Amino acid sequence: MSESSVQAGALPKAPSGVSMIVVMTSVATVCGLLIVTAFQATKGAIEHNVATITQESVLEILPGAARQIPFGVDAAGAVVREPAADADVSRIYAGYDESGALLGIAIEGRGQGWNELKILYAYSPDRQCIFGFKVLECRETPGVGDKITTQEDFLANFKELDATLDPATQSPVHPIVTVKHGTKKDKWEIDAISGATISSKAIGRILQESTTRLLPAITGHLDEIRKAGAA
Amino acid sequence: MSESSSNRDIQVLLNGIWKENPVFVQVLGMCPTLAVTNSVRNAIAMGVSTVFVLVMSSMLVAMVRKIVPKQVRIATYILIISTFVTIVDYVIKAVSIPVYKALGPFIALIVVNCIILGRAEAFASKNTVYRSVLDAIGMGIGFCIALVCLGGVRELLGNGSFLGVPLFGPYYEPWVIFLLPSGGFFTLGAWLLAFSLIKERKARRAAQEQEQSV
Amino acid sequence: MSVGTHAIDIRTSPHIKGQLTTDTIMLHVVYALLPVTAFAVFVFGLSALLMILVTTGTCVLTEHVLCKLAKKQTTVRDYSAVITGLLLALCLPPAFPLWMAVVGGVVSITLGKALFGGLGMNPFNPALVGRAFLQAAFPVAITTWAPAFWPKVWSIERFTSIMLPTVSLPFMRPESVAAFIQGVSLDGLSGATPLAKMKFEHQATPLIDLFVGMTAGSAGEASAFLIILGGIYLCARKMMNWRVPVSILVTAAAVSGAFYLSDRQAYPTPMFMLFSGGLMLGAVFMASDMVGSPMSPIGIWIYGALIGAVTVLIRLKGGLPEGTMYAILLGNACTPLIDSLTQPRIFGARKKAVKP
């Protein structure tokens, strides 16, 4: 007893650096193995889930579509088929019916409301209009701003929202704009939700930015996109 | 002798649920407690994830407690905890994307939940594997109960429902504030008040009984 | 306060006390609020009256119950709970559901006052705490305004019938005011407040309407004239520091004037800013709360400038049409800091402490 207390009074014996390294390395190895195992075990299910959710949303806003092919539009306006998961492109999904004819294109849009918003909208190149809409990610105030995801009157705006391109300049003839609740007159106007004006306006801005930037590129590569469905 | 030791084991298990409840008594792990309890479903998902991480890492920490040098113990604990958090992250994503979205960054933040590191340092590093697992289960259940208590009140008032089932009919006017972060603080405050009231009353009664018996 | 029955009363200074007690001051604040309250009832009818009674009753009752729970002598008689109740009612929309008003009253007194230790300890104006809670809890109901003077200026109907949202069942969604307006066929009357009209439609309301109180809005913010009258009464009796409202209004006018001069099309005139919304009511009756405002004159000027500037900034640049409530709460929160920065120099002390 007295011996040990004398020892404690002196410097406690430090473990050697080697033993620390050995312990940390072996613990890390075990942990690494566990993580890799879990990753491998869940990989299939996760990819399946993500794909299902995107596919569900795409098919949901393109009624009648039997299958979809993802495309990407890069900053220069070039269209790539099935872009890599980490590619820096705006993602669009072309939806085709049983016979392979193009039904419409689901386009992803992002922007800022009170918080970041991610939406998906359906564009018809034939009718030159937006005919479907879904909010994918929304962190707006529950009960107020998040009405943009549920309120039927608001979602009715997107049953036929004009997005006609000027053939000469390849820019929208009438940029999409959000107007105050109850004052919608024209086909390119979005009737805002009374009490959720900021979030409604954010949707209008996202659509305006996205249509102005992407629709010319899509129109330019429309044949390519149509052909992809036939193959 | 064996009886008293099993009694002590039960005590270890019960400690975390009532006497040393991690949320209501130790006031630990406030970040997930306040952030993800806006519905019962999220509260349960967060509770179960935390229990898993807590039990697994307590077990592993107790297993290696004798071979880990003192100087690197915290680093080792964090390594172990973050491993299980990563696993939970994958599993939740594989089970349900909506739940994953609802919990958001708070799954990753389980790593820095002080309940887990706290139990690893204060209990698992000094006790047997069996005891550590018991303690982790007790603390985990206590944490779950607290989360569901908060989530229940907040979902009930903020959305008029429990576990997504509407209780007050379609004309209920939700108290939006309870879904917002500020509502989390109000609810937590109310529960802490209720908890300490009960404890105080119990202590007073015990003191009275002692006086009478004397 | 009675000195007690002791022959000699030993106390620390001050030994000479003024005549003013808390109760007297509070009672006079109630007097000053009465014309505003009466006018609110006249403009908005029976609903406003019911709401004023309900919030005041709730506040007084809550205060009484909390005092009993804490086993203290009840502090109901100092009129402070009455003022909180009146102010709360005056800053709510006139057709606000009564059950929500009860929630607001309870929150005002418990969270706004009792939790901090009662009158004199509360860092924030209790009525505004209650309103902030209601704003976060029921964002739709609290921005649903009823029209003023419905259906006509001189009409008995306003005092014999209740606006439907007022009497909605507890915990149930209130009846919409829009439906109510249609129901009594009030064409041309809208529930939009002047500030909301300005923000979302760029439509100004005539100044005289704002001044006299012919507009929609919270129950008590209608008539700037009566509010100023009440303020002058209190200042004249030295029960309110005139610097608080003056500093707030001057800053608000200056900041909004700068905006107006920079772009006359986009921004409203300073006069519109001063007389619309709750700024006048807030500046005169809420920001001047003795507990929540700084002590020294220079501190009060800083406090007032902060509130005035933040109000205008929220109105013009923020997402909400009205910002007086948050501005005052912010000012209240800054008060301890302002007080510590504006400590008056002790008489005879040097400007800078000499290094030892």
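For the reader, a short list of remarks on this structure follows.
For clarity, chains are labelled A, B and C in written order, and residue numbers in each chain start from 1.
Here is the rule we go by: a contact is a pair of C-beta atoms (placed from the backbone, for glycine too) under 8 Å apart; a residue touches a chain by one contact, two chains touch by 3 or more.
Given the structure is predicted, the values throughout are model-derived calculations rather than measurements.
Of all chains, the one whose Cα centroid sits at the greatest distance from that of subunit C is A.
Taking A-C and A-B together, the pair of chains sharing more C-beta contacts is A-B.
Per-chain Cα centroids separate subunit B from subunit C by 41 Å.
With centres set at the average Cα position, the gap from subunit A to subunit C is 45 Å. Computed from the mean C-alpha positions, the centre of subunit A lies at a distance of 33 Å from the centre of subunit B. The set of subunit C residues touching two or more other chains comprises 139.
Residue positions of subunit B with contacts to 2 or more other chains are 176, 180.
In subunit A, the residues that touch at least two other chains are 141, 143-144. Residues of subunit C that touch subunit B in their complex: 97, 100, 111, 133, 136-139, 141, 168, 171-174.
Across the complex, subunit C meets subunit A through its residues 139-140, 143, 200-201, 319. Interface residues of subunit A facing subunit C in the complex, by the touch rule stated above, are 114, 141, 143-144, 180, 195, 197-198. Here subunit A touches subunit B in the complex through residues 14-15, 19-20, 23-24, 27-28, 31, 34-35, 38-39, 41-42, 45-46, 49-50, 53, 137, 141-144, going by the rule given at the top.
If you check the complex, the residues on subunit B that touch subunit C are 160, 168, 171-173, 175-178, 180, 182-183, 186.
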